[in-house]
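Alright, structures below, take your time with them.
Next come two complexes built around subunit A: one with subunit B, the other with subunit C.
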Partner chain A sequence: MKATGVHLKAVKKSFGAVDVIRGVDMDVERGHFAVFVGPSGCGKSTLLRMIAGLEETSDGEIFIGDRDVTHEDPADRGVAMVFQSYALYPHLSVYENMAFSLRLAKRPKAEIDDKVREAAGILQLADHLEKKPAQLSGGQRQRVAIGRAIVRAPDVFLFDEPLSNLDAELRVQMRLELARLHQKLGATMIYVTHDQVEAMTLADTIFVLQGGHVQQSGAPLDLYDDPSNRFVAGFIGSPSMNFFSASVDDHTGDGIDVRLSGQPDMTLNLPVSKPPTKGASIVLGMRPEHLVVTKGEGLRVTVDVAEELGGVSYQHGTLESGDPVIFQQAGVRHGMHGTVQTVMPEPGRVFVFDIDGERIR
Partner chain B sequence: MTARRARNFAFSGIVLIAAMIWIFPLYWSLTTSLRSENRIVSNAGVLIDELNFASYIEVLSTSKLPIWYLNSVATSSITTAIVLVTGMMCAYALSQLQFPGRKALYLLVVASFMVPVPALYVAQFILMSDLGLVNTWWGIILPQLIVPVVVIVYKQFFDAIPKEMREAVLLDGGGEFTLLFKLYLPLNWGITAALAIITFISTWNNFFWPFLIVTSESMMTIPVGITQVNDAFGVAYARMMALALLAAAPVIIGYLIFQKRVTEAVMISAGVKG
Partner chain C sequence: MSKLKRRRRELRAAGLLTAPFLFVFTVFFLYPTYKVIALSFTDAPLIGEGQWIGFANYAKLLNDRLFFTSLWNNLYFVLLTVVPTTVIALLIALAVSKLKGRMQALVLTLFFLPYVLPVSVVTLIWAWMLDFQFGILQPLIAAVTGKPVPVFRNPYWVMPMIAVVTIWWTNGFNVLLLIAGLRNIPQDLYEAASLDGATPWQRFWRVTWPLLWPVTALVLTLQLILQLKLFDQVYLLSNGGPFNSSYVVLMQMYREAFQLNNGGYASAIAMVLFLVIVIVSVLQFQILRIGGRK
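On to the complex of A and B.
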């Protein structure tokens, strides 16, 4: 399978007066697994469909390898797509579904047979080739859809939320299978999902989209460790990051003293290189796993719900200011429900954002 | 017996009586066609009391029934085939292709429902006459090719096919013809069969247009031909009934074979016609 990168230059898409994609630049390197992630309506599926050629590009250029494919037909772009709804042809057998594109391309029978059987072998579908899609389980149908993509030996695989219709257990299993498939084929893959766990586990590069813009891109853990704005910080990581409103109390030698709203007795000293003005309102971000229960001074949390998951537990509560807060505890059965706990962020694990959501470093 | 069972029993009785009333004319045609003329006029009973095939033999040997059969089969088959192919393509365009005036065109198709077919007979006759198609199969066929219900039914079924399947075919390298003949049509074989049956039956049973456009006995379809036998032989009940049954036989046999599909077709077209 030949791998080729995908490059987008100032790509835009409008539906009438509505701008859905507002100038996206993007480089997906060859052989990489890229994931577009973002909330519903952020434009991630539209962007994928534009790469596939299923949506026209209003402005900008799309390159697959060195070829400008912006105005080429979907079939000529060298891409294959796996849809959320599988989009299998219900009147054809599994074999014929996989052979469809090759038959249209008038490939020799022997070649078709070889390719279909090879793909069926990779996807463990060899025993199901004569069945109709309706006779298969959800996971098997999705495998057929992937098989249909594999036989075409495309330059780029496109996945549009392919696991959304599967139950939780199957989703985890298919996720692993996709990761293995990527390793085996070495092809460039672009994957759209709203599930950030899928994004974190599958991606070489994540593109976080919102409002038709790429908010940030990078390796999953880079986005987790170093989000460039509040949206990315909140979107990457599960459970989501806590955000507390605060104000700048004073400037110190290497940063700022910060006072949390509703908890005037506690100040935090945070290192920032470009401190905001004194008295400026800011937002602090702290991940649930970075809040540690302490006996001393800290954030007082009234715990109202405790999610005990076995290995870890998530304690949900509120600060005195009314801001909601979640903190994580390792181990089981803490019995914190209904209690007031004091937590402190681990040093160096507090993110500072300005009032517009941009990161202050 | 519970009240519910009694109600069911009563209901079944009523349905049975209604069915008997419905089928009686057919039964009466059959018994009459199997009797001699003398017996028919001499106050015969309801039960079958004679198996006399003379009327059938006479009709088949003296009339042009076999030719009328051929004309009916040919014109109905050709009409059905053309109506389905053109209706399907029109519906595909209206359902799946983007072009200016698409909605207006669809409204035009729907509006054509409101024009009563007999209102067009004079214009159609003049047109066919100008084209030199009086007394030809094409003269019978052409005006019967306008069947908006086929377009509307197909469009509804094409609209219901998920967009992703269309996109999958486009990505697989297919064009519009591949889409229509390898995806949309195979996914709608059921409705195609149903539409074929209702189109065929309505063309087969059409009397007035073939009656107008055909004057030569050798070009007549069966419903028109029957009226000619009546003229030629005077009122001969057994022969008339034998003819009527022979005329209806293909449709009856067809119905028995495709019973389920015919029911489906009637339901669908009734839904569209409202």
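On to the complex of A and C.
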């Protein structure tokens, strides 16, 4: 067993007959920032609450450091949690909210004061210590919730969608602050979100969850460059990946020729080490940023909506087969609305999936 | 022009909507209240006009020993009911809120059931249960005191027993209020507290109690007002006796008005009780608010 970090072994959770977590193994190294990401209902919050001890673990083991904490009380696990609702005590001042755990532990007054003021300094809350939570803005409440976690100096910080109640601008700002905080404290952090941008920007390791399983885990760019199935490919990256149905036309020396359904005049040659049988239906994945407008032959896209964001623009349209397409253009004012454009994927940037969504490499 | 028209239309609608209430309020509350105040300065009988006698009724009241006995009994009763009923209701509410779904609804209904009963039924039930010869609770009393006690004819037992009956009767409503208050406390506060290392006891005193305090204060104040208005239970269970040991202010008012035909004097008693209730409840509410802020 590794001496530090958080480790789950075949962890399962069921509510009655419903299995929510169906056997999760994971290792979060000490000092790493791990992010659980997935659509709502994928079990990511439940898994976090199991690590916190707020949900019972039906089967499997949870280790924090080298301690088996599977059946320990939340308070004895050495974890602190930041809730989506912040869960600040509304009747206590900011100072008392942060001092709460230390007061319960009957720490000396001077020590409590030192720790609270230090945390308040880090989080720029020094001017608000006497206020009640109701007098603070959303971002400040969020910082108090983080401050309450910091004063306990836990081994592991747990964040349950902490930014989802903030407006877009503040969310970006708090995301940066969290990244800085992680560098400053160097503690292990586990963070739950459904927002893949938060996941990509904050994480050392992303765990993509769906249906109670870890679909794939790894560094953000590894997941982006090399998704192991269609779900992960579609979930990571924004706007999400385009998927086109196609069929295998022929085997070549080191790959396959594929034909897109609905556009039989064009074949793509893709390198694949384990080619599917001839005629098999497959799915091709191409990211919007890897589709390049070309004068030659390629995928013909009828553009119906253009989203011009300034630096980049997203052209939405359809293939001749009816499959929707998004492709990205640098700069603006292309005036592509209503036109037919021909695009080609950058070489080596096409992902092949079988009909069940598994990656074919 | 159209602005003026719209304004007039709004005023007409407002008048139309408030008129029924204003009418009922004036005829059945404002006018009788005025009459009671006016009556308290006269020597009028219950029906008919009387002579203006100024503060003579109030002066008489200050020398009426029975009035002070009644007032004292009222305060004793408040002491016996207000805090105990709130504590009991809180304990029940805490226990019930641990139950889930249908079980919770069932238990809550059971606790609320007595509140639905009319006071005459309640007093009849308890008069039977505490009957000196046949009451099923007499063996229990005998086990504690050594012999059966005719509780409503014993000056020491009568008030506490009326208090027990009253608490049993009205507790369900307080439980309901406190449960509503408990449900208003977000679950994640308890989760945060347990992560912060709070024991169940600390979770109660540091989270539940302070956050429930506004509801608790409300229950205490409502109870205080309600219990100062004690009449029915005493009238039906002991009729003020024995030796006036359960005589209360409203009983005296009732007797002066409807048995001795002293409308003016009875009105003065009602006015004084009204003032006592206002002063005590405002005082209590202020004290509770200060207590809550700390």
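A few remarks follow.
Methods note: the second predicted complex is superposed on the first by the 357 of 361 C-alpha atoms of A that agree within 3 Å, B and C clash if a C-alpha of one lies under 4 Å from a C-alpha of the other, contacts with A are read in each partner's own complex, and residues count from 1 in each chain.
Rule of thumb we're sticking to: a contact is a pair of C-beta atoms (placed from the backbone, for glycine too) under 8 Å apart; a residue touches a chain by one contact, two chains touch by 3 or more.
These numbers come from a predicted model, not from an experiment.
When the two complexes are overlaid on subunit A, subunit B and subunit C occupy overlapping space and clash. Contacts of A:292 after superposition on the shared chain: neither subunit B nor subunit C is touched. Legend: residue contacts after superposition of the two complexes on their common chain; A:90 is shown touching both subunit B and subunit C. By the touch criterion stated above, A:280 is placed in contact with neither subunit B nor subunit C. In the superposition on chain A, A:153 makes contact with neither subunit B nor subunit C.
The interface of subunit A with subunit B overlaps its interface with subunit C at residues 52-54, 73-75, 79-81, 83, 85, 87, 89-91, 100-101, 104-105, 148, 152.
Note for the complex: subunit A touches subunit C at residues 52-54, 73-75, 79-81, 83, 85, 87, 89-91, 100-101, 104-105, 148, 152. Against subunit A, the residues of subunit B that register as touching in their complex are 162, 164-165, 167-174, 178, 183, 186-187.
On the subunit C side of its complex with subunit A, the touching residues are 186, 188-189, 191-198, 202, 206-207, 210-211.
Per the touch definition, subunit A reaches subunit B in the complex via residues 52-54, 73-75, 79-81, 83-85, 87, 89-91, 100-101, 104-105, 148, 152.
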